[in-house]
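Each of the next two complexes has chain A plus one more chain, namely chain B in the first and chain C in the second.
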Partner chain A sequence: MESLLESFPCRERELQQLQIFINEGSELLPESVFIHGQPAVGKTTITCKYLESAGALIAYVNCIECYSMRLLLDKIISQLLPQDPQPNVRCDSFMALVHLLKLARSKGSLNSRPHVLVLDNVEYLDNLGDRCINFFAALQELTLIYTLTVIFISRVIPEKFDITPAVILHFPQYNKDELTKIFQLFKPPYISEELYSNYISTALAVFIRATRDLNEMKNLILDNVSKYMEPINRGEATANDTLLLWRLVTPHLKASLNSAYLGIASENDTDPTKPELQTELITHKKLRAFDLPYYAKYFLIAGYLASYNSPKHDRRLFLKNHGKQRKKNRKDVSKSQTTELLGPKSFSLDRLLAIFYAIMEEKASLTVNLMSQIASLVELRLLAKIGDGVIDNPKFKCMASYDCVAAVGSTLGFNLKKYLLD
Partner chain B sequence: MDATASVSKGCFAFPASAKPAKQSPLNFSKEPWYGGYEKVWQNIVQQLDTVEDDVIENLLKDLANFISLPSSTESTIPAAAILTGINLPDHGSLFGRLKARLNLEGLTYGVALLNSADCSSIKHTVEKCVAQLMESNIESDDDMEVDEEDERSSDLKKSQCTLPNLLEWHKNLKNCSPSPSKRKKRSTASPEKKLVVVLKDFETFNAEVMSLFIQILSGYQSQLPFVFVLGIATTLSAIEQLLPHSCLTRLSLKAFQAQPSVFFLNNTLNKVFLTPRCPFQLSGKLFKFFTNVFLFYDFSVNRFVQGVKYCIMEHYRTGRRPVGLLCCPENRLEANAKLLEHEDLEALRRVNTFKKYIDSTEDEKIRDKLLKDDSFTKKEVLKLMLALRLRINEFYAALSLLHQLVSTLPRAPLGKQLRELYVLAMSKNVWTTEEYKECRQLLGFLSKDELMEHVRKMLDILEAQSNPDCMKNVKTELKKFLARLEEAGTARVTASPSKSPSKNLSVKNRAQLQQKLMELANKTSSRSPYELARDALLNYVMGEMLPEKLRPFTNAPLAEVVTLSETEARHRVVPRIRAPIHTALNNPAHYLMCDCCKISENGEILPSMPDLCIVYKLHLESGALINMYDWLQSFNLLVTGKEADDDSISPEVQARFTQAVSEMEFLGFVKSSKKKADHVARLTWGGSTC
Partner chain C sequence: MVHLSETASEVRQCLKKSLCWPRLRGLESERAQIFNVLKRTVCFGESDSLIVVGPKGCGKSLLVNTCLEDLELDEQTAEAYSTVKLHGLVHTDDNLALKDIIQQLHVDELEGDRVTGSFADNLLFVLQSLESGDRKSSKAIIFILDEFELFCDHRNQTLLYNLFDVAQSAQAPICVVGLTCRGDVTELLEKRVKSRFSHRQISLFYNTDLSQRKAVVASYLTLPYSVTDQQERLLPYEFVKAWNDSAKEALEDETVTSLLKRLLQVDPSEKTMKNILFRFACEIDADTRTVTAKRLKDVFKRQINVDMKKDLLKDLSVLEICMVIAMKHHCDIYDGEPFNFEMVLKQYLKFASQNMGHQVTQKPILYKVFERLKDLELIQPVGGASKTYKKEFQLFTFNLLHSQVNEAVQSYVGLPTDVSHWATSNPTA
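Moving on to the complex of A and B:
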């Protein structure tokens, strides 16, 4: 227990609660335990580690991977009843499981020590049927094995499920102080304690706004330790000069934060034999603009214009003699702002083609190749097809962002802004 | 297969593309032209393979490195995101090569290539992935001794393809594979083998399935060394759009960039098609058409090659035996020419350029001989073909010289790529164009260093020619010019006023100033030796040499034999929309070529037509909603020839009608309507308009 407390700081309360309900000698376990909390707060890890230390037999099942009943039950059986492997026994239903457990009980194999069935990500059990979770909640009652308990672990609060677990445990999110304490555990050997705690407080200040995910933060923090040490190693700063170090490391931290959500590994560690490849990898901006065939580019632009301009303006935008321009009244402006917030509107193939030909200078004959461009844009999720109505005139929506389309437009020398009315 | 009787010895790959010829009903594999075609095409396929290998070599090396790296953290799955560009059809070969390479280097236990089409649900995804991982190992281990062979070689059932089974399998494999004998073979520090999961078209995967899949695999990461390879067609941001944050944190991504597709094209063209070694040459128009399809439509080198393949086939088919024999690599020309027979020579005599050549021969006797004497003609043909080859050689050499000169000019009036130059030079006399003149002018401003560099590079190009006799005199001329350039100083020849001219620039008004300046300008126009040498060089290269060598060889006698100019290609390679379907259904005789269905006018319906056609033509006459009963009545009337009362339509006709309507529905012309009972909705309008 002490070692557990040491390796999992800031979780004393939860561990104690677990200890109350399930411990080594207990002969009567609670029917079910429900543990909930945000991702990466240690629910699964702490539960399993504790149960191990308490000498319980754990059957751990991650419900996310149980897309069929068979998988779920097979896993449970193989872990709960490891001593008598019965490869020929088919276990397809809950009652078969109950039967098998009862059989095992009558042989006296389940009574010796606590048996715990841990169901992780229990919200995914819904895919197997509505009442799945109710069965597990009543497993003890059905099998009459009192040394068997079920622990549900979920991100969702228990009230969302139709069960009344005997015990509900909440794992709260770590706050900043707790995180500091936790990261002390991961101190690399080459950095002094004081320097490391300084570094952690600096790094946490940057990262805590972006993410609370412990694993992600750990990666970010440990990746940047060397950056923090760099000025000291080069002799530009001393270990005591916290302010200077802070100033030097913050840009690095912010940069790695930018890619935090993509988790793109930094490229510095690869060999420099292929410089031309490397430069292309690092610059994110370059990767943002991508290459499309000539006509596909125009289709994308036409799709964007069709989605964000209302059809009544088309005549004005794309025809040379569009007649008189009426005065704009104020109401229109406020209206267009709200329509913009509504996102892209759908348009028909006709309109797309009309705009396409209007913005293209040269003529392209309408062939299969041209039409397949639209299909490939849909495939790439730049356009979205709506409904499955008439094949003659399907409807689309443009899913690309303004920046993306504007970048594509600039490669053609096409000023997208000029054609947008808002 | 006798196609391996090529000059080069080695392994010959016979891709599936060449095989269907055998089974096709129009069996032409024995015909003489087909032999010639096949030899040439096999050669091209080999070259394409090596070129592609070279291009993606770097990428594959990087990927293999990445995959062999030990995973840094136990909680995340390493994932390589390859930005492949949108030429999706070409990706198959890229991933195929990746798989082959990984297997070859022994970096993996197995590779699973997943298509989004196979992965509609999480169950399918896992089954497909596990099955491929477990199977791929059986294949690769065929020659190795593995204990569990008997256990695994039994066909995998779908229900067995689960991750727990994979885990078991992996454990078995791990325990048995480091047998002592194998350890010695490999280096002691061989990296841990991985399980590679390749998602070919990442964008089209179902987001929900994907996130579940990643979360499931990450649960096994501590026991199973998974590595993801994601093929991304657009940008990296596609990943964040598709996956939720909880999944992204489980991947440690690294981006790789494949070469842009235009680079692929240029490389393929320059190394395979636009060389004098290539036995056939594409006409300017055709070539431009294909490159345009590539640049404007699909970015797919694969389709480009297929288009060219079609044209070659057509060329050989229409050219028959003489083309099959003569359109071949240069070293086989002599042997093949001997095989020409009387009919072949007759066919050759009808070729336009050869006719012209005969007409233009002065000597009456020779002309007669060319028309009558076969053995003489045969020799003449061989002579002409060799001359043509030489001319093609020179053409390409001159083209690369010109390319060297003009590709780096500001704004590149003649284009930056060799292919652009080729199109120009093939379709017209390039030296008469405005752009050529502009280039000449721009070249006149080059500094000495730049020009010397150009000349040296040009000499290198000539040096690299396979045929040493080709352009020999050009080489010597260029060498002379180079020597002259080296010697020439940049100082002016005539003594220019050393003192600043501004001193005696005493002018009173603007007109006077202008005049003075003009005079000054004229005075300094005297040239330095360098400038003189430069002009001489450029006059020679741009004025004499290039125009002579760059004459399109399409005018040379027998050029038709080696140039592809398929005029119909446009419609064959880039088909029209819907029109073929409409023709097929409206006028089945067009494709069936039967006498019974010939129609005199468009709207005519004959009972002998297939049921589907009758139903289709009837539906063309109706409005947006079609009454099924009326439709059936008119169908019955047409088929049986008599009007039926209610209920008296024979079951046979009803069945035929039902079948035809369901086929229509399958083709997407109608669908059942909810608006009105017993009606179907038409989905197309005016099928004849497109």
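Moving on to the complex of A and C:
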């Protein structure tokens, strides 16, 4: 227990709680335990390490891996009953699991010590069926093995599930002081202790507003230790000059803050003083060198224009003699600003074709080849088909971002901006 | 005084045992009714069916199990019947249920062996064996179907139909006992199944009487004077007496009474109360010599006054709290309409541009923060995630109450003042 407390600082309360409910001497375990808390607060690690030290037999299953019932149950049974391997026995239903456990109980193999089934990421259990979690919550009652308990671990709060666990434990997020303590564990060997703690307090002050996730913090902070040491190694500053060091490292830290959560290390050669490129969401289909067929490119552009321009402006944009331009009134402007937040709008196939012919200089006859290009754009998820009722006039929506479509336009010498009203 | 820790573990075991294997209290008339039905089946071969309806944790299973125990002890019925226990969560389809029926009826022949064969084979086998019996000579079978409503979801309700059909006709005597928490359970039955059911329903309710609840708690907290099990060491008589007296005293305490009352109002199920007492039992350590009112209060308060969502909000980072506040403001302005990422972003940027302390305005990071909130299920996609939306435009609903956000903001340690000001400001003004 002491060694556990040492390797997991700031988790005394949680360890103590676990010890109260599950310990070597306890013959009767609680029916189920639900542990919840944010990611990276030590839920899984501490639970498993503690149970190991308490001499319990653990069956650990991460529910995200189990996409079928068979995988889940096989894993559970092979870990809970390791001593009698029954390779020819299929465990593919809850009934088989209960049957095997009862059989093991009658042989007396489950009574000796606590047996704990740990289900991690239990919110993914829903994929296997709504009632799955209810079954595991009632496992003790169904098998009548009181040395068996189920621990659910999840980042979602227990009231989202339709169960009443016997014990609910909450692992709180670390606060700033606790993080400082924890980071002492990760000290690299080449930096002195005092310097390191100075650095940690500097770095935490910058990062703590954006994230409290320990894993994120670890990436961000440990990447920049060398930056902090740089001025000292070059002889520009001494180790005692904390203020100067702070001033020198802060721009680096702020730069790497921009990559928080994104899982990419900030490149070493970027100069933090240089204006950052406005990064697009990486979820976007950002393809610079875009290799689509000739007509498909025009369809994509036409789709984009149809999604982001209102149909009433089509006349003005695409016809040569569009008549007099009326004055825009103010009300109209404010309305378009709020609708812009709703994203791309859907359009009909007719409108897409009309815009397509308007922006194409040459004539292309409407053949099955052209139509199949639209289908392949849908297939590529650049366009999305809305609804599936109407066959003769389907509706679409453009899913590509401005950057992507503008890049496509530039390969055709087409200026997308000219055709956009806002 | 030498064996302090041993005494403590002894006490723990005793209390836990009484919680794990409770005795039935009250419900005498229901108990007699069920017992009579079962007994008639066993003794006179009168097939019957009944359903016990009651909310979760009100003692349905305990009631039926007690009746089965009574039946076992009764001299007239001894050995003249066998029991088949099925559970809706375990037997997720009729084939599994049939296999288990065969298994449970032929325990001796099939030890460790497994029933194979198709659904049709199994059904035919069960039906034929039931048909071959008659009222006089054959052994009665009692079917207990726990979580009865789940059996109604099975295809064509084949199992239920056949069981009720056998119960109605002159075949082997069987008694079908269903347990469910759904009051409308007969409406779930198909017409042909419903017409074969005897419509005998026994309803149970929560017992919300405070003095009776107190007696229940007291019985769980008192230690037995003599342990019947020979192997166990007896606790010293003085200790047990002191313990039981202190338990009685602690329950008379005013705050404990009001807490018990509050628990009854919030959640009258006995299961919740037993969970709390289980916790109490677990926390007994070597220093605990008596039941004190303070300990009881502690353990009850921890269960009753918790708002897990508020705790969750306190675990968020400042940036995440900012996003939550932006969502709250959006809901204020648009009266709870769903929102997408772009709308929340607009609200947040409005705030961040006025307060220079917020360096983070990059869209990708803010989107990740938004996704984290989605993973924590603080916001919920409207109509499930769909492919026809771009991620930023997917609509979400807010799963928190405004008071929860406000309370969390107030109790958040180290929140910058500009953020808390922003949280309490009125966005519509």
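By our rule, the second predicted complex is superposed on the first by the 312 of 422 C-alpha atoms of A that agree within 3 Å, B and C clash if a C-alpha of one lies under 4 Å from a C-alpha of the other, contacts with A are read in each partner's own complex, and residues count from 1 in each chain.
Methods note: a residue touches a chain if its C-beta (ideal position, glycine included) is under 8 Å from a C-beta of that chain, and two chains touch if they have at least 3 such contacts.
Being a predicted model, the structure only gives us computed values, none of them experimental.
Legend: residue contacts after superposition of the two complexes on their common chain; A:Arg212 is shown touching chain C, with no touch to chain B.
When the shared chain is aligned, no partner comes close enough to touch A:Leu100: not chain B, not chain C. When the two structures are aligned on the shared chain, A:Gln173 is found in touch with chain C, with no touch to chain B. Of the two partner chains placed by superposition, only chain C is touched by A:Lys397; chain B is not. Once chain A of one complex is fitted onto chain A of the other, the partner contacts of A:Lys385 are limited to chain C, with no touch recorded for chain B.
Applying the stated contact rule after C-alpha superposition, one finds that A:Glu159 touches chain C and leaves chain B untouched. Where the contact sets of chain A with chain B and with chain C meet, they give residues 213, 261-262, 280-281, 381.
Only residues 39-40, 62, 64-65, 67-68, 70-71, 74-75, 78, 213, 215-216, 219, 261-265, 267, 270, 274, 277, 280-281, 284, 287-296, 364, 366-373, 376, 379-382, 389-392, 404 of chain A touch chain B when the two sit together in their complex.
Only residues 20-21, 25-28, 30, 36-38, 41, 89, 93-95, 98-99, 103, 123, 129, 131, 134-135, 138, 142, 146, 155-160, 164-168, 170, 172-173, 175-176, 208-213, 254, 257-258, 260-262, 279-283, 341-344, 381, 384-386, 397, 399, 401 of chain A touch chain C when the two sit together in their complex. Those residues of chain C that touch chain A in the shared complex are 9, 12-13, 16-17, 20, 56-57, 87, 89-92, 96, 99-100, 103, 112, 114, 150, 269, 271-272, 275, 278-279, 282-283, 308-309, 311-312, 314-319, 340, 342-343, 346, 358-360, 362-365, 367-369, 372, 375-377, 387-393, 413-414, 416. Within the complex formed with chain A, the residues of chain B that make contact are 58, 62, 65, 73, 75-76, 83, 85-86, 88, 121-123, 126, 159, 162-164, 201, 203-204, 212, 215-216, 219, 233-241, 245-246, 248-249, 251-257, 260-262, 293, 295-299, 574-577, 668, 683-685, 690.
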